[in-house]
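In the two assemblies presented below, chain A is common to both, partnered first by chain B and then by chain C.
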Partner chain A sequence: MKTSRLWAWITFIVGAAYFLVPLLATFEFSLRIRRGTYSLDAYANVLSDPSFRASFTYSVVIGLFTIVVGVLIIVPTAYFVRLRMPALRPFVEFITLLPLVIPAIILVFGYIRLYNSTSILPFTGSAIGTDILLTLAYVTLALPYMYRAVDTGLRTIDVRTLTEAATILGANQAEILLRIILPNILIAVLSGAFLTFAIVIGEFTIASLLNRPAFGPYLQLVGANRAYEPAALAIISFIITWGAMSMIQLLSRFAPKTVARPD
Partner chain B sequence: MSSNMEDASSLATKSGPVSTGPALAPTPIARRGFSLPIPAGLFSVGPFIIFSVMFLLLPTLYLIGGAFFDAEGHLTLKNIIALGSPQILGAYSISLRVSAASAILGMLIGLGLTLALIRGGLPSGVRSAVMTFSGVASNFAGVPLAFAFIATVGRLGLVTVVLKTVFGFDIYSAGFNLLSFWGLTLTYLYFQIPLMILIVAPAIDGLKKEWGEAASTLGATRWQFWRYIGLPVLWPNLLGTLSLLFANSFGAIATAYALTGSSLNIVPILLYAQIRGDVLHDQGLGAALALGMVLITGVANVIYLVFRARAERWLK
Partner chain C sequence: MTEEFLRLEGINKVFGTNKVVSDINMSFSKGEFISFLGPSGCGKTTILRMIAGFEQPTSGKIFVGGQDVTHLKPNERKLGMVFQAYALFPNLTVADNIGFGLKIARTPRDQAAARVEEMLAMIGLAKFGKRYPFELSGGQQQRVALARAIAPRPTMLLLDEPLSALDAKIRVSLREEIRSIQRELGITTIFVTHDQEEALSISDRIVVMNAGRAEQIGTPFEIYNRPATRFVATFVGTLNTLEGKVQNVADRVVSVDGQAITLPALPASAQSDAPISLTMRPEAVVLGKPNGQDVVLEGIVSDVSFLGSVIRLRVNLGSNSLSLDTFNDQRSPPPALNEKIKVSLSSSDILILN
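This part shows the complex of A and B:
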């Protein structure tokens, strides 16, 4: 028993080293911009760079739209499948898993072929059209995570009784979804939203191939042209991802733990 | 146990005992005296279906269908045959090897870490810290991950420099190169191992204490426990996760692209360069490349789904 615990600690420490050394090394590297002394100049350079602000803001806005569109598409679907058409569930689950099977680069290549400026739906013909296409592409990427988060949330509330009660009180479908269901699964939806945000904020492939000025392509550009700023950006990105994941952890403390009704 | 998976928000999050049962018998639901009218249902599911057809199914099918047509729109196998060129076969070969290596190593190392964490008697605080970190690290992929590894084991990276100046060992003259098979594998492990930990931890929790007690009462050694009970129960889960990790790195491009530009010849980068119009200049060939990728990740995921279904039998 003693030796197995020793091995457990050794395994853990070796593993921890593999994960922490790159973070430390990146942080140390990001401080080295001035010869012979440590400084935060790389961070100052990054944060004062107008393209950083512009691309970061752009990605945040796209991320927010992605979350809103994702919620609008997924919450009614998950609700209806759970309440009325459980037979559809395997089909919907299969569809929501597809973005894990189809690499992002395939999706965007398909979009470019299908929605180019000469097609019936020329999304890529204008900047705003491409922004919309980028948002919808990100909704696709977020589908597996968002659907599972929402479905988990729905499992913890009694959807049927809530719907019946609201109907008796005279609520229509939209009111039920918006004022009864959504507030009850808000924590699950927010978890999905933060995960979506973490995935979308630094996404490179789709944004780059659609030629949008997003944060991911900006990161790549800085990486190709600068020495120390990329390290600072890696640390900033890590903190953003950490922040999004911490929010999910924090939210899960408020989430109901029990299944309201076995289904 | 299941709630842990949910917390992890991982894609392994299963939706519990999936209710295919009630689907077969809709009458009891209707008999409850209340039902949502179908038109309202169409209104709810309609946008989802239109969305997934327009932005998931149609683009993919249109693209991979294009692999069978030439520029004039005639049916042809020319594009598929063109995949046999040395450059493209080489790209598939290195992509498959990097994905396989990072998946197998990610699975083994992740399993070892999870076992140490859950069954090795480490304090519970360590466990929750590792789970949180895994959630972050499994999402810390893409361009910033490449930066981190350049700053660590790149030519001027901290580890490279310390090994050289303190220990007199130059990893680059010893044959290591970040822009190579092993460099890429080492980098990919940074998100593969945490993903493995997130997926496999609930499975290891599912190994009931009683099984170990029963085995040791019957005189089984620790080795025999794993050989005859632990591994056979975990096996479907491990193989399934392996295929998921494989698909995860096979489609990845941002990390590799930021590490190497388009100099490393892996399939997603080749396809990226083709879309940007840097090389090839052949739409049909690009479509054929895409078809190959979808086939490979598709097969990997079918294996995952099949094994996951088998794994769930034991982990209720």
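This part shows the complex of A and C:
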């Protein structure tokens, strides 16, 4: 009993150290921009840099579009697969996992070949077109996480019976999705949304190769040319990602309760 | 009864190679309370789902109020339905659940609110409008589901084993509540159940189902007292079966454990010395020979169970035994175990099932 407790603690401490030591080291380093004293000057430099604001805003906007497009595609898909084609679920699940298997660099080279300015769909021919392409690429990257989040949400409700109950009361498919299904899986959708946001904010490969002014390439640029600011940026990105994750934790407490009290 | 309201015409349903519903032909009047009764898997839910429009019959037609609705979508049929698993919308309050159908039908807000109030009062949950389904007991949830189904004034109410998830006491009180609401509104209701007591107690008519077929349609009185088939007789109520043999075809005499019984009629196929099964309800058999019963049997009391107002006796006749119920009478104690007694019945209460 005692020894197993001890081992649990040792494992926990080693694990925690593995994550915390580099983080603390980075943080400590980010404070040492002035010789001999700790200061937040590196953070001030970063936050006052106009390209920081521009690239960060750009990524936030792309992130929001990615979430909206992703939800519009994935919620109805996951719902109909569960309702009408349960036999297809393993297949659809496999498809949604593909982005984890295919490296982003392959994806983006494929896009550039397929959608270049001489193709039928010349997305990369204009800046706005490339933004759209970038958003769609991010929807793909977020697919495994978003689909899983939505599907987990759908598992907590009796999709078929609720759909039938709403149908017999006169509702059509759109009304059922909007009024019944979506509100019941909203928390799950929001967790998927925050995950998507965290992915988009830090993404480098696709944004860089499509040559868009996103936050990822900016991080890389600063990292290559400065000493202390990259450390400050790393801490800032970490706080943003961590904030998104804790929102997911917080939201899961508000998940709808479906269990009946016994008589 | 009065005019025909719902008609099922030559309904068959096949899932893959599995024929689940066969040759259903029947019609029901407006305001009737119909139960579909049968063992699990006999196709009751499938019939209900075809009436609702969730399944298409493989062949046959469904008419409501003279109109062919076979190919209407479920959301165009204006029906109310209550599911076994309550199926309340977890994200909506009780009041919003009840008002859902009205909202979908774009009923003006004040009219809808009044209707919801009326429904809440009807199910005795006037103060529960702002609660969420998870804050209610199973019985309360099922009442909300009933109110939700009734609120948009459907043409028919479909109930699929609405009570089977509830515990025994609530099951009885809620079925009475459903019946009294149904009577008050005069709404045609189809009630699916596998519980024969439930079906007998609340229905105008019962359809007894077995393996996808309707074995008998009739009032509870007819179903119980004049079962058309062996299946109906054994599935509905308890039944005594005595195995005997034909003694004399001309005089319609059969013998059971050496005791002769004269029947009003024998099946046309009866032959001397052929085995024959006689069945009768426990309540058709009485202790002694109080008033003119024409069949008297002698036996030994093998079991006495005191059920309160009723005492159930088991009487051993030899190779057969017989259950009978007598009312508890404070002045005369029931026979003792192993006592030799006479029991009697009217030969017209004997059913011969083939």
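The rule we apply is simple: the second predicted complex is superposed on the first by the 245 of 263 C-alpha atoms of A that agree within 3 Å, B and C clash if a C-alpha of one lies under 4 Å from a C-alpha of the other, contacts with A are read in each partner's own complex, and residues count from 1 in each chain.
As a working rule, a contact is a pair of C-beta atoms (placed from the backbone, for glycine too) under 8 Å apart; a residue touches a chain by one contact, two chains touch by 3 or more.
These numbers were taken from a predicted model, which means no experiment stands behind them.
Residue contacts after overlaying the shared chain place A:238 against chain B, while chain C stays out of touching range. When the two complexes are overlaid on their common chain A, residue A:197 makes contact with neither chain B nor chain C.
When the shared chain is aligned, chain C comes close enough to touch A:175, but chain B does not.
In the superposed model, A:43 makes contact with neither chain B nor chain C. With both complexes placed on chain A, chain A has more residues touched by B than by the other of chain B and chain C. In the superposed pair of complexes, A:58 makes contact with neither chain B nor chain C.
Contacts of A:149 after superposition: chain B is touched, whereas chain C is not reached.
Legend: residue contacts after superposition of the two complexes on their common chain; A:166 is shown touching chain C, with no touch to chain B. Of the two partner chains placed around the shared chain by superposition, chain C is the only one that A:157 touches, whereas chain B remains out of contact.
Touch criterion not met for A:138: it reaches neither chain B nor chain C. With the contact threshold set out at the top, residues 164, 167, 257, 259, 263 of chain A are in contact with chain B in one structure and with chain C in the other.
Chain C makes touch with chain A in their complex at residues 52, 54, 74-81, 83, 85-91, 100-101, 104-105, 132-139, 141, 145, 148-149, 152, 158, 166-167, 170. Against chain B, the residues of chain A that register as touching in their complex are 1, 4-5, 7-9, 11-12, 15, 18-19, 21-26, 28-30, 72-74, 76-77, 79-81, 83-90, 92-93, 95, 97-115, 136-137, 139-140, 143-145, 148-149, 151-152, 155, 160, 163-164, 167, 173, 177, 191-192, 195, 198-199, 202-205, 209, 216, 219-220, 223-224, 230-231, 233-234, 237-238, 241-242, 244-246, 248-249, 252, 257, 259, 263. For chain B in complex with chain A, the touching residues are 3, 6-7, 9, 11, 13, 15-16, 18-20, 22-23, 26, 32, 34-36, 40-41, 43-45, 47-48, 51-52, 55-60, 62-64, 66, 109, 112-113, 115-117, 119-122, 126, 130, 132-133, 135-137, 139-140, 142-152, 156-159, 189-190, 193-194, 222, 244, 247-248, 250-254, 257-258, 261, 268, 271-272, 275-276, 283, 286-287, 290, 293-294, 297-298, 301, 305. The touching residues of chain A, counted against chain C in their complex, run 157-158, 161-162, 164-172, 175, 179-180, 183-184, 256-263.
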